[in-house]
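We call the chains A, B, C and D, going by the order they appear; numbering starts again at 1 in every chain.
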Amino acid sequence: MFKKVLIANRGEIAVRILRSCRELGLQTVVVFSEADRCALHVRYADEAYLLGPPPARQSYLCGDKIIAIAKKCGAEAIHPGYGFLAERADFAQACLDAGLAFIGPRPSSIAAMGDKAKARATVSAAGVTIVPGTEGEGNLRDEDLLNLGPKIGFPLLVKATAGGGGKGMREVRNLEEMPSLLQAARREAEASFGDGNVYLEKLVEKARHIEFQILADGWGNVIHLGERECSLQRRHQKLLEEAPSPFIENDEGLRQQMGAVAVRAARAVNYLNAGTIEFLVDKDKQYYFLEMNTRLQVEHPVTELVTNVDIVREQIRIAQGQPLSYTQEDIHLNGWAIECRINAEDPFNTFIPSTGTIHHILSPAGPGVRLDSGVYTGMEISPYYDSLISKLIVWGNRREEAIQRMRRALGEYRIVGVQTNIPFHQNLLEQEHFMHGQFDTRFVENNFSIERAGEDKETHSKIAAMMATLVAHQHIQRSAHVIQPGKRDMSNWKRFGRLDRMQKGG
Amino acid sequence: MRYITTIGEKEYLIEIIDQHHVSVDGEVFNVDFTEIKGQLLYSLLINGHSLEALISADNGEWQVLLQGTMYQAQVEDESQKRLKATLGEGTTPSQEFHLKAPMPGLVIAVPVSEDQAVEKGEVLVILESMKMQNELKSPRAGRVCRVRVKEGDNVEQRQTMLCVM
Amino acid sequence: MFKKVLIANRGEIAVRILRSCRELGLQTVVVFSEADRCALHVRYADEAYLLGPPPARQSYLCGDKIIAIAKKCGAEAIHPGYGFLAERADFAQACLDAGLAFIGPRPSSIAAMGDKAKARATVSAAGVTIVPGTEGEGNLRDEDLLNLGPKIGFPLLVKATAGGGGKGMREVRNLEEMPSLLQAARREAEASFGDGNVYLEKLVEKARHIEFQILADGWGNVIHLGERECSLQRRHQKLLEEAPSPFIENDEGLRQQMGAVAVRAARAVNYLNAGTIEFLVDKDKQYYFLEMNTRLQVEHPVTELVTNVDIVREQIRIAQGQPLSYTQEDIHLNGWAIECRINAEDPFNTFIPSTGTIHHILSPAGPGVRLDSGVYTGMEISPYYDSLISKLIVWGNRREEAIQRMRRALGEYRIVGVQTNIPFHQNLLEQEHFMHGQFDTRFVENNFSIERAGEDKETHSKIAAMMATLVAHQHIQRSAHVIQPGKRDMSNWKRFGRLDRMQKGG
Amino acid sequence: MRYITTIGEKEYLIEIIDQHHVSVDGEVFNVDFTEIKGQLLYSLLINGHSLEALISADNGEWQVLLQGTMYQAQVEDESQKRLKATLGEGTTPSQEFHLKAPMPGLVIAVPVSEDQAVEKGEVLVILESMKMQNELKSPRAGRVCRVRVKEGDNVEQRQTMLCVM
């Protein structure tokens, strides 16, 4: 059994994996780009090795370099986290070829599920229902796709063949807008995955995105850990996840049925380690296989909180050749968990990513609160990687309790120096529809705006005016002390502009 | 000191009476206001109620993030404002809009060109940062001028990329 | 049912109580001294009122002022937390007289258990075994105590009648040292509680301190939530607590027997709300009633983590007149929890309290970690109150897992600006005896020293030397740039001294 | 630059060769050393191993808190140290010990008096702070002098209360 693990990732997930490794008494090795010398995963690791310049292609995507480091420092296994090299069958194979355990599925399973066309064919053959589309048809040119579009019917989705996480994905409502959207999707797919191929898929309207967590060991055991509700998305990026799903909640029959289908899909590709089967579920509880993510998911903690299973720990045990610690009968969902993804982005300005130095953090804590974070006070948020800075996860006996706790925790959270989407979550959690569990994958885009939410709330406009005035007054008083009498005709706005630069630059 | 503070449509006449008293539109409040040590966070106790806001200056406006809502406040010295109004400077002139890069990134496309007329909401630049493509839109109708970036350029945060006048 | 609660406390426990109130949708009111204007409980509360100058006698101990504030602002209940007014029967009575709910026991129960002599008589009458001593004898003078000492037998303890938390407590090994120790105990008791009366108690050697958490509602239901192991103490201050106790662990018979005795003791004083029965347990598992704490305990979170019961929430429900949410049959201990008390004190220098500004905090987080903290980056630690700055609590499936997780979490924790006892815990958790659960209440004082622990560990002395040299080198290089050439003969020590002041003062 | 660094009984000859190379007693290490932005925390990568320490200066000594152990290091310029040794300054003179208040507090008792002889470990002052009474002891044998506090005094942090010579 291996004793030293290299974590080929960064940010919160590298820290998350490192924690389980350390608790198992394993030595931890991390890799880092020049932008991440002082990142948390480097500070916490036993060993850390420089990969190269900040861009991922020159650092975190350099599989060969990472394998060479692993061999040189005596690491015996590699955990890829999510993103970067996590779903690259060639990398998984290269690890095995180099005599390293890959903490994830077999390369053949990654390949089978990674090519969405193959994935659909495989699970379809195993008797799992899929969403209509062109995935089985190979890599088609635009003119073929434009012909097939009307046959599948609008609205439909253009999706990247090599994709995931909403990148290279576009929604098409009619034939007219299809050419330009195909272009945009291909361009983004090429940039994100180095592969511009796309396919079409019927858009299931009023759909919910519900996924099942799978664990499979090398002894033929495959179990599921229940579902996660992931319908709250923006531009196909998940924002808030729950376990269980309020749509399934007490329908234990549906849960076990979908769970059994998920296990069957996993078995169809001879699956090993942790994975996730994503379903679209329509309002009549018809469910369609969407895709399988052959890696640890960002949102895995909600499942951990309701099952008490440490998924990363199980991943490691499985990769060490040990059998699962649990049978299907051991798994019972207890209580309710919610995760909010905290991103460095401006919810009041079209969610534009925000970079800069984090001057101050005050983290929520206390009963039932878990924070998986990759940042600290004084750290720089660079533009090179995704904008996820932490995941705030809470547990409660019931959904209502979990919601109240999440509100409480969001209200405690302070991040100064970059904009975050904390206010977005605060407003979302106040929505009637959210409280009643009534939402689909389009809810955030079609039925929610932070500006509108602000209007509905008891307005503190007078208080805000007072506070702004008190701060402005303080600044004017202070600058009055340092400005020469002859120069005091300088306008307030100039002074504020200067203060502004000081504050942002500090 | 007396100030006129504007948030959205609403104007407040605010007087800082002394360290512990502020009046808003004539109503006097008991306040205890303090900055949380060097953090841009401010704690206000007002008639006993405890409120905390993140307050920063941006382009001469104060941004107040209070309980999940963002307020944009203009604070002006009352006498100055009245003077400006008298001199006819009170009316807002149609200013130039400078499109600044909200973050460092790579310019993916510039779908507009010099002198082109644009509508409010029209995409001016597509900027890639943090693995996302971000469409930067025009906040109002106007005419594009001084285009200073092209596809493939790397831009710094706050760098002006083009203007709409 | 009340809707607005005043929390008559400060620090981590005020924040802890505030959290449960908020999650229940209750309005929160706090009170604060001049030293605490920017404390976390003030920042997080809905309302906050100034009590007075920093010393507790002029602020947090001013019961009348607090009741007046509650009445004025419309609070309907008062939660006293622990310490300060929590075990003052007169304050509890004054709350009731003012028409306020007191979130705690009836004044009569506080009085019955608060006077240790009465407490012993009462539980003794209910058939509970007590430790031999003079508690039933009233307030004796020194000459009487000096006569009784040899009859009880040495070693014995001098304890404050009004006491708790180790204040006014002294251990006496023989008659010769007894007079001066009596003096010291009386002086400290007078200073701490305004009452210099003391009593004697037989010292149970090789004793473990094991306590049971009790919940009692107004409907006649009394249950226990299992035990906590609190033997790891220094100067009678608990430092690390666990639930369950490794000494009881799988002896379910003993647990239920002691639990039943605890329930009986609580019933003997017609108990209401949360309370704790402390036992001394000798090596043969003989247990003696020690005292009842008629309040929420510092270490309540370990019980919360193994039972999933939110004790503060239950306290509030009980005070609202609601029945308990649980029956005894609902309570099952799941897994293992450990708490480390993080104090601002110097473990390398006789645990002297440390004050100053906290320049930086990096909090441990992730799976199974809970942090109940009352501080934040930038906050001042004042000399006016106790030195507890946070409680780090972890959960694991088994004790070994919990220990590994606690080590991991302590290793992540950074507090810069004041000294803390984090290194003490890190070293304690490496002790063989601790790992095997072999310790009694004297373990920390008699069998453990941080200096000795340091010697045993793989020494990083060479690395430390290198790091010190690199920092010194950087400082010299930097100061070389700012010092005039003519002044460069200034000795290094002077420069370091100056840097030192800059760093400590900042 | 060459330094002689002393921790406890052990002396290390340390040379800072360049930004990424340091030798200790002749053995060369590959290092990457950086301060975590303004936090007194320092991260060292040494031959790949990642170590972090809290390092502060105290009375001309460096305190290095590394993985739960506190190291007191004296860092001296090699040439200066050799010079001092030559001039016979190498021997430590019996210095005065200044008992400074480790925190603000209230003096509960001063059980010694001017000129009194004390043993190592003898209590000099009892100081109350954070609700605890703390016994401050003499680090060595000597004679008490310059007693500047008495029972009931409030003292500031770092205030010298008495000396032992």
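The rule we apply is simple: a residue touches a chain if its C-beta (ideal position, glycine included) is under 8 Å from a C-beta of that chain, and two chains touch if they have at least 3 such contacts.
Because the structure is a prediction, the values reported are computed rather than measured.
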Maximum centroid distance from subunit C, chain identifier (CA atoms): B
Chain pair with more C-beta contacts, C-D versus B-C: C-D
Between subunit D and subunit B, distance of the C-alpha-averaged centres to the nearest whole Å: 51
Centre distance in Å when subunit A and subunit D are each reduced to the mean of their C-alpha atoms: 48
Chain centre separation in whole Å, for subunit D relative to subunit C (CA means): 31
Where subunit A touches two or more other chains, by residue: 44, 360, 378, 411
For subunit D, residues that touch 2 or more chains besides their own: 39
Subunit D - residues contacting subunit A, complex: 32, 34, 36-39, 43, 45, 48-50, 52
Residues of subunit A defined as touching subunit D within the complex: 30, 37-38, 42-50, 73, 357, 378-379
Parts of subunit B lying in touch with subunit A, wherever the complex brings them together: 1, 3, 5, 7-8, 10, 12, 14, 16, 22, 24, 29, 31, 33, 35, 39-42, 44, 46, 51, 53-60, 62, 64-71, 73, 75-77, 80, 102-105, 108, 128-137, 157
Complex interface listing, subunit A residues touching subunit B: 167, 187-188, 191-192, 344, 346, 348-350, 352-356, 359-360, 383-387, 410-411, 414, 416, 422-423, 426-427, 454, 457, 459-476, 492-493, 496-497, 499-500, 503-504
Subunit A partner contacts - residues on subunit C that touch it in the complex: 15-16, 19-20, 22-25, 44, 301, 304, 308, 310, 334-335, 360-363, 365-373, 376-378, 397, 401, 404-405, 408, 411-412
